[in-house]
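Here chain A shows up in two complexes: once beside chain B, once beside chain C.
Moving on, here comes the complex of A and B:
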C-alpha cells in the first residue's frame, strides 16, 4: 500500500489488489511535480501483469496530468500481455474525451465509464 | 488627538492637585477644630474647677464660721454661768447675740452658695434644732441675769447635746462637701484626660490623613512614573514593530511589483504574439469564395487559442485552422507561434495534405516541448476549402465547395441554407497534437460539401465552457440555437450575434479562457 497525498488529492496504490485509486483534484504543474505519481504508476506496471486505474473520484485533471497518463498508457502498451483497465465516470467533464484518447493509445485498454 | 490627550492630562493633574490640597486643608481643619474644641473644653474645665474650689472654700469657711459661732456661744454661756457679775453677764449676753448674728450671716452666706438639695434640707433641719438650743441658751442667760434657777445643768446639757449634734452634722457636711469636691476634681481630671485623649486622637487622625495623603501622592507619582516608563517602552516596541512591518511590506511590495512586471511583460508578449500572427482583416476580406468572419478575445489569463485563414496560391483553396493550446502564459503563446509557422510552412510543403501536416505538427511540437520540459499540447483542426467548378459558375443545387477536414477539436457546426444544423464530432479524426511522440495513425480526414448559403461555425471551448453567475456553462446547445437563429445573416452578423449572446450570458462574470470564433459561409 503506497499512498501519495497532498493538498486536495490522493493516489493510493494497492499492490495486492493491483489497483491505483485517484481522488480529489490534480493540478500539479509539469512532469517534475508529477514525478512521484509517475514513479508509483511505473512501479505498478512493473509489479504485475495487470492493473486497474480508478479515476472516478478524480474530479479534475489538468493537461500535465493527462500527458502523464498518456505516457503511462504507452508504457503499459509496450509491456507484453499487460492488461490495463481504467474506471472513469461519465459525469466528470474532463474524462469523456481524454479517456477515449487513452484507449486509442492502447486499444486493449478496458475503459469503463460509470 | 494630541490636544485631547493634553487637556485630559492637565485635567487629571489639576484634579490631583485639588485632591491633595483639599486633603491637607481638611486635615488642618480637623486639627484646628479639635484644638479649638479642646481649648474650649479646657477653659470650661478650668472655670468649673475654679468655681468648685471657690465654692468649696466658701462653704468650708462658712461652715467653719457656723461651727465657731455655735462653739463660741456655748463657751460664752459657760462663762455666763460661771460669772456672778451682772454687768459681765450683760456684756457676754451681747456677745452671744453678736455671735448669733454671725451664725445667721454665715448661714445666709452658706445658703446662697451652690448647695445640693440635701445640703439645703440639712441646713433647714439644723435650723429647727438650733432653734431649740437657742431657746435653751436664752433661758440660761435669762436665769443667769435674773439669778433664778440654781441648776441649769439640764438646759446646759440639752444645749450642749444639740450643739454637739449640729457640730457633728456640720462636720459631716464638710466631709461630704470635701468628698463632693474630690469627686468633682476627679471628674474634672478625667474630663481633662478624655479631652486630652480626644485631642491626641484627633491629632493622630489629622496626622494619619496627612500621612495617607502623602503616601497616596507618592504612590501616584510612582505609578505615573511606571506608566510613563511602560508607555515609553511600548512606544519603542511599537516603533520597532512598525519598522519591521514596513521593512517586510516593502520587500513584499518589491517582490509583488517584480512579479507583476514580469507577468505583465509575459502577458504583453503573449498578446503581441497572438495579434502578430493572426490573419489580418485585409487577408480575410480578399477571399471571394467564402464569406469569412473571425473573432478572438484573449482572456486576462492568456490561453493559447490559434486560428488561421490562409489563401494558398497553389490550388486557389483556403486553408482554415483552429486550435487551443493547453494551459496559460508565455509557453502556450510560444507553442501557438510554433504551430502557426509549422502549418504555414507545411501547407506549402505537403501541398495541403492535412493528415501529413498534422503528423508533422505533432512530432515537431512534441519534440520541442519535451526539450522545453513542458507538457503543452493542443487540440488542432485543419480544413481545406476548395471551390467547385459549379460553385464558380454559381450553379444551383450543386455543391459550391468541398471542405476536407482533419484533427481532433471541438465539434464543427454546419448550418445548411434551409436552417438545418449538422454537428460533426472530430474525436476520431485526430489526437491532441504534441501529446505523444507517435500519433500518426490517429489522423483521419473528413469530407464536407458546402452549398450556397451554408454556414460553418468553428470555435474553441472558451465559448462552450463560458460560465454564468450560477456556474452553468454556455454549452453547444445555446451555440446551435443562436447560430440557427441567424443563419441567413452574413458571416460577420452571425459572428456578432453569437458573441453578443455569449457575452450577455456571461454577464459580469470573469472570462477565464480565450474566446475564439470563426464563421464562414458559402457565398
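Moving on, here comes the complex of A and C:
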C-alpha cells in the first residue's frame, strides 16, 4: 500500500487490489506539486492491466488536478488492452459535471456515478 | 483606456441583492502560504452563498440546489483566485480582489488583479484562441495537451464555460498605477 497524504487530502494505491482511492480536497499549485500523485498513478498503470480509481470521497478538485487526471487517463488509453474504471458520486456536483470529460478522452473507460 | 473582451457586461449595482468582496495584497506573504488562503476564501464564499438557498425539509431539490451552488461558487472562486495569484504583477500596489454578487437570476464573480505587459499579451492571446474556437473542442484539445505539456492552459476558464455554463468576459485597464485585468464570470441560478 502506498499512501500520499497532506493537509486535506489522501491518495491510497493498493497494488494487490489494483485500486487507487482519492479522498478530501485537492487544490495543489500546478503539476509540480502534483508530481508525487502523477508518479503514483503512472506506476499503477505500469504495474497492471486494469485499475479502479475511486473518486467518491474527493469533494473538490481544481483545474490542475483535472489536468493530472486527464494525463493519467491518456496514459491508460495508450496502454494496449488496459481496462480502467472510475468510480464517482452523483451527490458530489463537480463529479457529475466533469468526470464525463475523462470518458470522452478514453471511450472504453467505465464510469460509474454511485 | 479600457478594452472589453468576450462576454464582459456592465452590471448595474442596484440589481445586486447581496455581495461580498475579499481583497488581498499580492506581496504580503509568500505564495505558498497565500495559496492555502485561496481554498479557504473559496470555501467561505461557497458557504456564505448557501445562506440564500436554504435546504427545505423533505424537498430533495432544495438540498441538491444548495449543493450545486456551493460547488459552483467554490470551484469558480478558487480558479479565479489561483489564476490571480499565478499571473498577477506582484510588484504592483493594486490589491487582488474578488467580489461575488447575487442577483435575481444569476451570480456574478468579479476578480481584479494587476498584470504586467507581458502577462497581458499572453492573456490576450489565450482570449483570441478562445474566441476563434469552439469552447468544447478547445477544452478537449487542452485536456489532450495536458499529457505532454506542463504550461498553463486556460483549463480553469474552459471548465467554467463547458461544465458550469458560465459566461466569461475580461476588461483590461491601464492607468498611472499600471495595468490591471478584471475577469467577470456569470452563471445562471
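Note that the second predicted complex is superposed on the first by the 114 of 114 C-alpha atoms of A that agree within 3 Å, B and C clash if a C-alpha of one lies under 4 Å from a C-alpha of the other, contacts with A are read in each partner's own complex, and residues count from 1 in each chain.
Following the convention adopted for this analysis, contacts are C-beta pairs under 8 Å (C-beta built on N, C-alpha and C of every residue); 3 or more make two chains touch, one makes a residue touch a chain.
Just so it is clear, the model here is predicted, and its values are computed rather than measured.
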Partners on chain A (chain B, chain C) - clash or fit: clash
Partner chain(s) touched by A:48 [first = chain B, second = chain C, both, neither]: neither
Touched partner set for A:3, first chain B, second chain C, both or neither: neither
Touching partner for A:71 - first (chain B), second (chain C), both, neither: both
First (chain B), second (chain C), both or neither touched by A:25: second
Partner chain in contact with A:101 - chain B first, chain C second, else both or neither: both
More chain A residues in contact [chain B versus chain C]: C
Overlapping segment of chain B (options 182-190, 434-442 or 488-496) - the one that collides with chain C in the superposed model: 434-442
Contact residues common to both interfaces of chain A (with chain B and with chain C): 30-32, 62-64, 66-68, 70-71, 74, 97, 101, 104-105
Sites on chain A touched by chain B in the complex: 30-32, 62-64, 66-68, 70-71, 74, 97, 100-101, 104-105
For the chain B and chain A complex, residues of the former touching the latter: 326-327, 373-377, 408, 427, 431-432, 435-436, 442
Residues of chain A defined as touching chain C within the complex: 7-8, 25, 27, 29-32, 60, 62-64, 66-68, 70-71, 74-75, 91-94, 97-98, 101, 104-105
Contact footprint of chain A on chain C as seen in their complex: 31-32, 35-36, 38-39, 67-68, 71-72, 74-75, 78-79, 82, 86, 139-140, 143-144, 146-147, 150, 153, 155-156, 159, 162-164
